[in-house]
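Everything on this sheet refers to the single structure shown next.
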Amino acid sequence: MFVGTVIGSVWATQKEVGMENLKLMIIQPIDWKENESGQTVVAADRIGAGIGEKVIVSRGNPARNLFLNKQIPVDAVIVGIVDSFEVHDVSK
Amino acid sequence: MFVGTVIGSVWATQKEVGMENLKLMIIQPIDWKENESGQTVVAADRIGAGIGEKVIVSRGNPARNLFLNKQIPVDAVIVGIVDSFEVHDVSK
Amino acid sequence: MFVGTVIGSVWATQKEVGMENLKLMIIQPIDWKENESGQTVVAADRIGAGIGEKVIVSRGNPARNLFLNKQIPVDAVIVGIVDSFEVHDVSK
Amino acid sequence: MFVGTVIGSVWATQKEVGMENLKLMIIQPIDWKENESGQTVVAADRIGAGIGEKVIVSRGNPARNLFLNKQIPVDAVIVGIVDSFEVHDVSK
Amino acid sequence: MFVGTVIGSVWATQKEVGMENLKLMIIQPIDWKENESGQTVVAADRIGAGIGEKVIVSRGNPARNLFLNKQIPVDAVIVGIVDSFEVHDVSK
């Protein structure tokens, strides 16, 4: 999983089977100095994440398996909204 | 999933089992300033995406599971054609 | 798998099904000169890893399969706490 | 999937179960200006790709599922030999 | 799959279910000019690879499926010890 900031959302009318009624958010992964880090990811959201919130995103089959219908072609899901995190400088 | 622009298509006569009758498009991932971002991906298209359109691409097993025949060796599928997206600057 | 240092932990109250009672640690992958290498990963920990410890992290379906309940959407798990490692300079 | 050029092949006598009688080719991913792009990949070839040919490579479980015997530990397969491709400049 | 050089090994006493009795080697991926290329990977070894040897590594579910017990959380396995490889300069 990775932590990122929700920066937006995306809409599609023409889509594949199983993509109906999904809220798709755009996530910018961040590092722990809260800088942008790596490419943005589009993830399905079923827990009500809002713009600007930090979220935990899971990818691949583990994320897809949340949907009982195995034909939902979703490869990334927001699995938690971050309340807090604690990071230590262990480089010394 | 990621968002990219359809920049072309690719044809192959000699191919593996399960690759027959698939339309294969070349996708350039983009970031939200719409710059190119990362390596191009070849994805199967069953929803009629055209050159220059922005699409949502899903990868890995979640994408492959769209095909009921489990032997189709496709690891990327266009799952939506982008109507619109909204991105906020949350860095402040 | 990869080796990284546990640098912190993250908490979420609002979360997906299957994410209850999981301890989520933040891992910084390292190379063998022990420099930081690549993006941080959030991994579930069931073996009691502490801040500053070096751990082995497994990802994707192999990691998820540790949980008998297939709907736990975890894509990274700490699978070992490193006791020692030995690296040789084989470049000559 | 991605497109790359077959640049060589690799042989191994001592190997895991399921790796017998596989032709393993070395693929250099390319971008659409045909420059090298990203790390080389070792992929199984069952369709007769030759050195210098452009091929489509699929990865992960979708690729592995081509083999009915589920214990073949192959994570990349050549799924097509490119006849032609067409790329448009959509950046304007 | 990718080719890398075995540069070391790593030991863990405290570990997850299914990680017992596994020999874990550290692999440095290489390119075909035999330069280091990308982050090191920890892979299980069941075929007796030694320090300094070039090996083929497979990742993800295809690698995990080598283990009949589906709860072994291994996401990378050495699947072959390289005898020889042949690379052509196809850039012209």
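Order of writing sets the labels: A, B, C, D and E. Residues in every chain begin at 1.
Methods note: contacts are C-beta pairs under 8 Å (C-beta built on N, C-alpha and C of every residue); 3 or more make two chains touch, one makes a residue touch a chain.
Worth saying up front: this structure is predicted, and the values here are computed from it rather than measured.
Looking at which positions face the partner, chain D and chain E present mostly different ones, since fewer than half of the interface numbers are shared.
One simple way to say how far apart two chains are is to compare their mean CA positions; for chain A and chain D this gives 30 Å. Per-chain Cα centroids separate chain A from chain B by 18 Å.
In chain B, the residues that reach two or more other chains under the touch definition are 60-61, 63. The chains touch one another in a closed ring; read from chain A in the direction of chain C, their sequence is A, C, E, D, B. Considering their complex, residues 1-3, 29, 31-32, 37-38, 46-48, 56, 58-63, 65-66, 77-91 of chain C touch chain E. Remark: chain A residues 5-19, 24, 26, 28, 36, 39-43, 51-52, 60-61, 63-64, 70-76 touch chain B in the complex.
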